[in-house]
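In structure tokens below, several structures.
Paired with chain B in one complex and with chain C in the other, chain A is shared by the two complexes that follow.
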Partner chain A sequence: MRKEIFKVLVKRCFTSILVLFLLLTFLFILLRISPGDPSLKFISPELSPKLTALVKKSFSLEDSFLTQYKTFILNLSKGEFGISYTYRVPVVQVIKRTLPFTIIFSLVSFIIQISCGFLLSLKAVKRINGITDRIISKTSLAVYAIPSFVAGVFLIYIFSEKLNVLPSSGLCSFDTESYTTIQKLFDYAQHLILPLITLSLNGIAVFFKYLRDNLEEVYNKPFVEYLRANGFTEKDIVRKHIIPNAINPLISIAGVELGLLFGGALITEVIFALPGMGRLTVNAILSRDYPLVTGCTFVAGILVILTNLCADIIKAVLDKRIAKGILN
Partner chain B sequence: MKNYRLISILQLIIILLFISGCQNKSSEKSARIICAINSDLVSLNPLFAFSDNEGNISELLYASLVQHDWDDKKGDMETSPMLAKSWEWSRDSSSITINLRDDVKWSDGQQFTANDVVFTFDAYSDPLVQSKLYGTFKNFYVDSALHIDLKKTFIVKNPFGIIINFKKNSAPTFYDIDFPIIPEHVFKNIYRKDLVTAEKELKPVTDGAFSLFEWNKNQSLILKADKKSFLYKDGNVSELIFKIVPDYNSELTQLKKGEIDLMQDIKADDCTALLKINNLNIIAIKGREYDYAGWNNIDPDVYKKTKRAVPNKLFGNYEIRKALTFSINRGEIIKQFMDNHGEAADGPVSPIFKEAFNYDLQPLIYSPDSAKKLLTQAGWKDTDRNGTLKKNGREFSFTLSIPGGNPRRDFTAALIQNNLQAAGIKVIIEKLEPEVFFQKMFNRELDAWVAGWTVSIPLDLKSFWYSKLEDAPLNVVSYQNKTIDELLEKIEISQNRDEKNVLYKKLQEVIYNDNPVTFLFWDDKLIAYNTRIHNINASPLGVFHNCRNWLTVK
Partner chain C sequence: MLNKFKIRQLILVFAFILLLIRLNVFVNTFLMILLYAQLFITLPSFAYAQLNFPFIDIIASVALFVIIIIYLLTAGKRIKLFHRNIDFTSFVIVLLLSFFLFAPVITDKNPDFQKDLSVTKLLPPFSRVKVLHLKDDYINSDNIVDKFVRLKDYVIKKSFDESIIFIDSISTGDKLDYYQGGTAFPIANNKVIFKNNIPLITTRTFILGTDELGRDIFTRLIYGARISLFVGLGSVLISMLLGLFLGFFAGYSEGFVDTVLNRLTDMFLAFPVIFFIILVIALFGNSLPGVIVVLGFSGWMSLFKIVRSEVISIKNKDFFVSAQLIGLSNINLLLKETLPYIFIPVVVNLVFQYGNIILAEAALSYLGLGTGSSYPSWGSMIEAGQNYLSQAWWMILFPGLALFLALFAANSLGRKISSYFNPQLKT
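On to the complex of A and B.
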């Protein structure tokens, strides 16, 4: 069995590499055929066409499509994405600045989403269609319908502008050099409360909806009645039988959600001025910074593939019967 | 029981966070000013300061030979010493002898000398560096790659004395030597081509009024006044923080809350609400940015295929262009959208240039009747009474392109569409992604569009209006007029300010008659700031120019 799983994992790695390669090739073609000139903003209006061409040449965009693609693949095989046109440093360096924040921010938000969604769904299914269930279900639907830019601005208005208890943007205060580590941590936490709530609200609603429906479905299965008839306590039934049976479909959703979070949360990052991958990627697209767009896509692609793989492995560990099927 | 404990701990954490949040607000530093900017800087190196913010901030870090300030009374610039203590122009203005200050030290303790000046000119003009000023040293002796010939140009008399020789028959001014000087000892050992990437690894060694204290990428840039600098005066602002806030509404909230002290590009709609807040004030910097409706004077399809300039079938006639100008109610945009924070434009010279501005030209006021008369004279009539003008079986209709994501352009385009529809002209609005829009505009592929230009200080209109299109990349409407060419050439070589002003007035008159574009309005730049900042001398050079002289009160 172990050998088989190993084989399947190796196979999965190969297909993942192939998917990444196709993704980047597709992106390369898309970027080159899309209109827009990345060198435009670096060219002084006073330059003659001859000199303009010289500046453009320094961007290596005057080469033929095939030559550019060859260089791109060659660099990629060395793990290089080139120099960012905007930041004028290697793409890896630019991504390194924002990736740690994005990963930590996404993970914390993900934990909040999962745990709140889980706790709320447990509360709701205690009495299906009861008052608590109905209130939570309707509220979650309303929360899901609120776009994050509305939620963010609303939270800033209440907690920052009116109550003046939380900062409205940024990652930390300016005077932190005199702070102790604990104070610094509090300062970070304080700055991240509103962004985390904004980013997590939709996810909580999604996880709640999925989990509540799964729990309800499992609750209504005959084996639950059988367990009750055999004298098992409600707590044991939920903990040992209902949750493990209901949680599997949620893991797949969680894998996809985490992958998306790692790609960056553009709106939250813009509203709260946070230095994340979302802002970086969109700015790179808008300024036609081809190497940086490629680098960001690569990182996002890797993270989506990895999180999905992790989700599948967790599912396989929880239910060995479907291990091979899932991993394939 | 366990649940209750967990909930209690969570509650405690939240309360602590809120308390610490409240405490923080009282620790504001009074001599510190926080200004919002909407995107992070890429470089602090003046060689690569491509954006306005980069230019302004690098000038705070690095001093220049001379300083230019705006004289509002004259409507022109005034030159004063900075790193240059004194100077003397030769009789024919072909060279300048500069005596440098001997009391300037770089932030790493090294002495500033004339070698830094020579190195700076060399680096700026080096084709390998591709600096922001590359290719613009027209009054200097340069080689075929436009690299300054150092031997011919500079004579270093002593560490604090230098002579700069300019090209024969050129018209050099102080603007030719006004840019931040960089330290030779920091950059000389770096391969020129690598300067663009190498500077990231270096902590800026500066000699300006401020030095870099901290740069949290995508968060904030903290500058501290260099109290040893010759530019520092007691009582000046001691700390300047540029906080990056990409979202306009977040910026506004922070301004109201006092989290930031200064915000640029305020929308006219928000002015009234902001002025109601006690500690806020708003200043309007008179415009040197204008919006215009561009009419491609040549046929874009023929130009694309053959690079030949053939008059546009619709906009090639100056009377038609004038009719279009008469048809557009520009005052409505200023009143409705800009809340009167701007003024109608009728030419490419802003009224801020008081001596060069031609006050004799009567503004072209919205007049549908005059437009109708001109269009009828040109043969455009509504023959089949369907509301659209026709000539030789062709309807008067065209596509008006605008860049997306700009509400003012949306409003302007909609107003133009309505106004022209009333005049019998069909307009289809096409919204393009900004990068696509600008690429098409610079390639002269568009028929008609709405965009804006910023007029440079000092005035330089050649690249906007010169007929030789290869030499005038900003002449995107492809306007061609020999009189204008002659005037521009004369302006370029003239060294007499009064003569230049006369020529500029003539130039405005010709453009006024030809209407190569419909000039819409000069846009005031609105800045809101906390009243604890004093001595803000907001000039057309930007709010941060001279911000070292800002004062703060508690």
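On to the complex of A and C.
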């Protein structure tokens, strides 16, 4: 059994890498067939023709398509993405600066989404179709329809403009050098409250909806009635029997959601001017920074694949009967 | 209280209110159409030169309006859909659809109309502005062309108007001075229309306020509904075609093509699609058709999954096999045998997809990558309002609300359809 699962895992990793490779190739083709030349940005009319040719050559965008692709693949296999056109440093370094923020930010938001959705659905399911349930369900439907940029801008309006209690943008204040560590952490936290709310609102609604429906379904199953008849306390039934049964379908959704978050919470980052992967990617796209676009896509792809894989492994561990089917 | 009424009554009430408020527009449009018909016979080349989008737009709006009213009063009486009770969703949908269809009739301004910035910019909702009327240079003649041009200028709103001036106040005396933003401007007496020996001054109300360029937010909101719904419609159509054909193809043929397509869809579903959309738009330029195509191409994956799995499940059923054996072509197999079977899940998916695309279009416009500045869009309105957050909350509230309502309506319509066709399914 274990050997089989290992085999399936290896196969899965292989196909994932193949998909990623296809994605990067697709991206490469898309970038190369698009009109415009990114090297023109670095050439001023005052440069001598010789120097112009030299600059153009350094981008090696004049080479034939296949040569470019060959170097691209060779560099990729060595783990090199080249030098970012805008930042003039290796792409890996640029990504290294932004990736930690994105990972922490997404993880915190993810935890908020899961825990809030979980708590709310437990509250709602206590009395199905009761007043709490109906209020939370209706609210969650409404919250789900709020676009994140509308929510974010309104949060800024209320908390930054009117009440003036929270900062409206950026990751930290200007004068953080003199702060002690605790003050710095407090400063970061203050700056991240509004972005986290903005990013998490929709996710909370999604998780709530799924969990509530699952919980309700399990609640109505005969075995719950049987347990109740046997004199188990309601608390025990919920904790030991209902939640484990209801949580399984949620894991794959959670995996996809986390993967999307790792790709970068673009809108939230734009509203609050945060230095995340989403904004880095889009800025790279807009400034035609080909190596950086490729690097960002690669990182996002790896993270998406990893999170989905993790979700499936967790699911397989929880329910060994379906292990092979899931991982395939 | 609201749900005692039927949808048919709601539409008729809307139509009645619209008719009351804009009676002059309707009457003048009819006159214009009559004159145009005359012109078309006498001066075909001139008539042909007058055809442009706003002209056709208003004629189509008025014609459609009349047709819908007549239909509802006669044949539409018996249609079941119009006899459903009103709820919030249907109310919003009727409202948005009427914005979409009758935009030039509902508002009396051009979405790009701007004039006298110092008076009109960043006005709060329900603010009234004084308007000074100037003499225009129309010739009062019975010539049919002059009459037509005059009517056309009255009915079709332009983005500029030389015959009015927005003012703060005006000095009374021998020499006329009007004030704009604290500065006095002299104006010759013979240019102004006088009524009872005082200059003719009316007021104009901006129901939802104005933006930073003095444009009416209400008008822009209504034209923005047009863009949103239009982009949604086009993209959903593309998604539907792609999803249906590829899904049918993959499910029907199985084997290598199926595997490849399935993997591709998985890839697209797992990655944040917004980056792909931005990449394509940034690289190949943003135009309205471009945005529609890209959004359409980014939304077919979920439909593909549904169609594929359904096709695989019905492929071995008797009716499908017998249809195959009779010799139906592949297209007929899809249209006549498969489509009726999978109609409901497809429709539900497309309605949800519609909501997603409206949201994606607004997000693109918010990022400045939408349909460009030539069309008012809810997303770009919000983006512009963000810079004036401390001064003008109305610039964000109303487009935000419109967007929220549209998304909410799309989502709950999707849920309603699926629960209508599968009553045992809990929603």
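Methods note: the second predicted complex is superposed on the first by the 317 of 328 C-alpha atoms of A that agree within 3 Å, B and C clash if a C-alpha of one lies under 4 Å from a C-alpha of the other, contacts with A are read in each partner's own complex, and residues count from 1 in each chain.
Everything that follows uses one rule, which is that contacts are C-beta pairs under 8 Å (C-beta built on N, C-alpha and C of every residue); 3 or more make two chains touch, one makes a residue touch a chain.
This structure is a prediction, so every number in the text was calculated from the model and none was measured.
*Asks:* On chain A, do chain B and chain C fit together or clash when superposed?
*Replies:* Partners clash after overlay.
*Asks:* Which partner chains sit in contact with A:V270 here, chain B, chain C, both or neither? Use first/second/both/neither.
*Replies:* Touch status of A:V270: both partners.
*Asks:* Once the two complexes are aligned on chain A, which partner has more residues of chain A within touching range, chain B or chain C?
*Replies:* Of the two chains, more chain A residues are contacted by B.
*Asks:* Tell me which partner A:V165 touches in the superposition: chain B (first), chain C (second), both or neither.
*Replies:* A:V165 contacts chain B only, not chain C.
*Asks:* Determine, under the contact definition given at the top, whether A:G301 touches first (chain B), second (chain C), both, or neither.
*Replies:* A:G301: touches chain C, not chain B.
*Asks:* After superposition on the shared chain, which partner residues are touched by A:D37: those of chain B (first), chain C (second), both, or neither?
*Replies:* first
*Asks:* On the A-aligned overlay, A:L286 touches which partner chain: chain B = first, chain C = second, or both, or neither?
*Replies:* A:L286 sits against chain B and chain C alike.
*Asks:* First (chain B), second (chain C), both or neither: which does A:C310 touch?
*Replies:* Neither partner.
*Asks:* Contact-wise, after the overlay, does A:A189 reach chain B, chain C, both or neither (first, second, both, neither)?
*Replies:* The answer is first: A:A189 touches chain B but not chain C.
*Asks:* Applying the touch criterion given at the start, work out whether A:V92 contacts chain B, chain C, both or neither, answering first, second, both or neither.
*Replies:* The answer is neither, since A:V92 touches no partner chain.
*Asks:* In the overlaid three-chain picture, which partner chain does A:V150 touch, first (chain B) or second (chain C), both, or neither?
*Replies:* In the superposition, A:V150 contacts chain C only.
*Asks:* In the superposed model, identify the part of chain C that clashes with chain B, out of 40-48, 220-228 or 256-264.
*Replies:* 40-48
*Asks:* Overlap of the chain B and chain C footprints on chain A, residue-wise?
*Replies:* Overlap of chain B and chain C footprints on chain A: residues 35-36, 153, 156-157, 161, 270-271, 286.
*Asks:* Mind listing the chain A positions that touch chain C in their complex?
*Replies:* Touch residues, chain A against chain C: 15, 19, 22-23, 27, 30-31, 34-36, 141-142, 144-147, 149-150, 153-154, 156-157, 161, 213, 216, 256, 259-260, 263-264, 266-267, 270-271, 278, 281-282, 285-286, 293, 297, 300-301, 304-305, 308.
*Asks:* Can you list the chain A residues touching chain B in their complex?
*Replies:* 35-37, 40-42, 44-49, 51-52, 54-55, 58, 83, 86-90, 93, 97-98, 153, 156-157, 160-161, 164-175, 183, 186-187, 189-190, 193, 270-275, 279, 283, 286-288
*Asks:* Per the contact definition, I'd like the list of chain C residues that touch chain A in the complex.
*Replies:* Its residues touching chain A are 263-264, 266-267, 269-272, 274-275, 278-280, 282-284, 355, 359, 362-363, 366-367, 379, 382, 385-386, 389-390, 393, 396, 400, 403-404, 407-408, 411-412, 426.
*Asks:* Spell out the residues on chain B that touch chain A in their complex, using ranges where they run on.
*Replies:* Touching chain A from chain B are residues 16-18, 20-22, 24-25, 27, 29, 32, 34, 39, 42-43, 48, 50, 127, 130, 132-136, 146, 196-197, 200, 216-220, 222, 241, 243-247, 249-250, 253-254, 256-257, 259, 433-436, 438-440, 442, 463, 470-471, 473-474.
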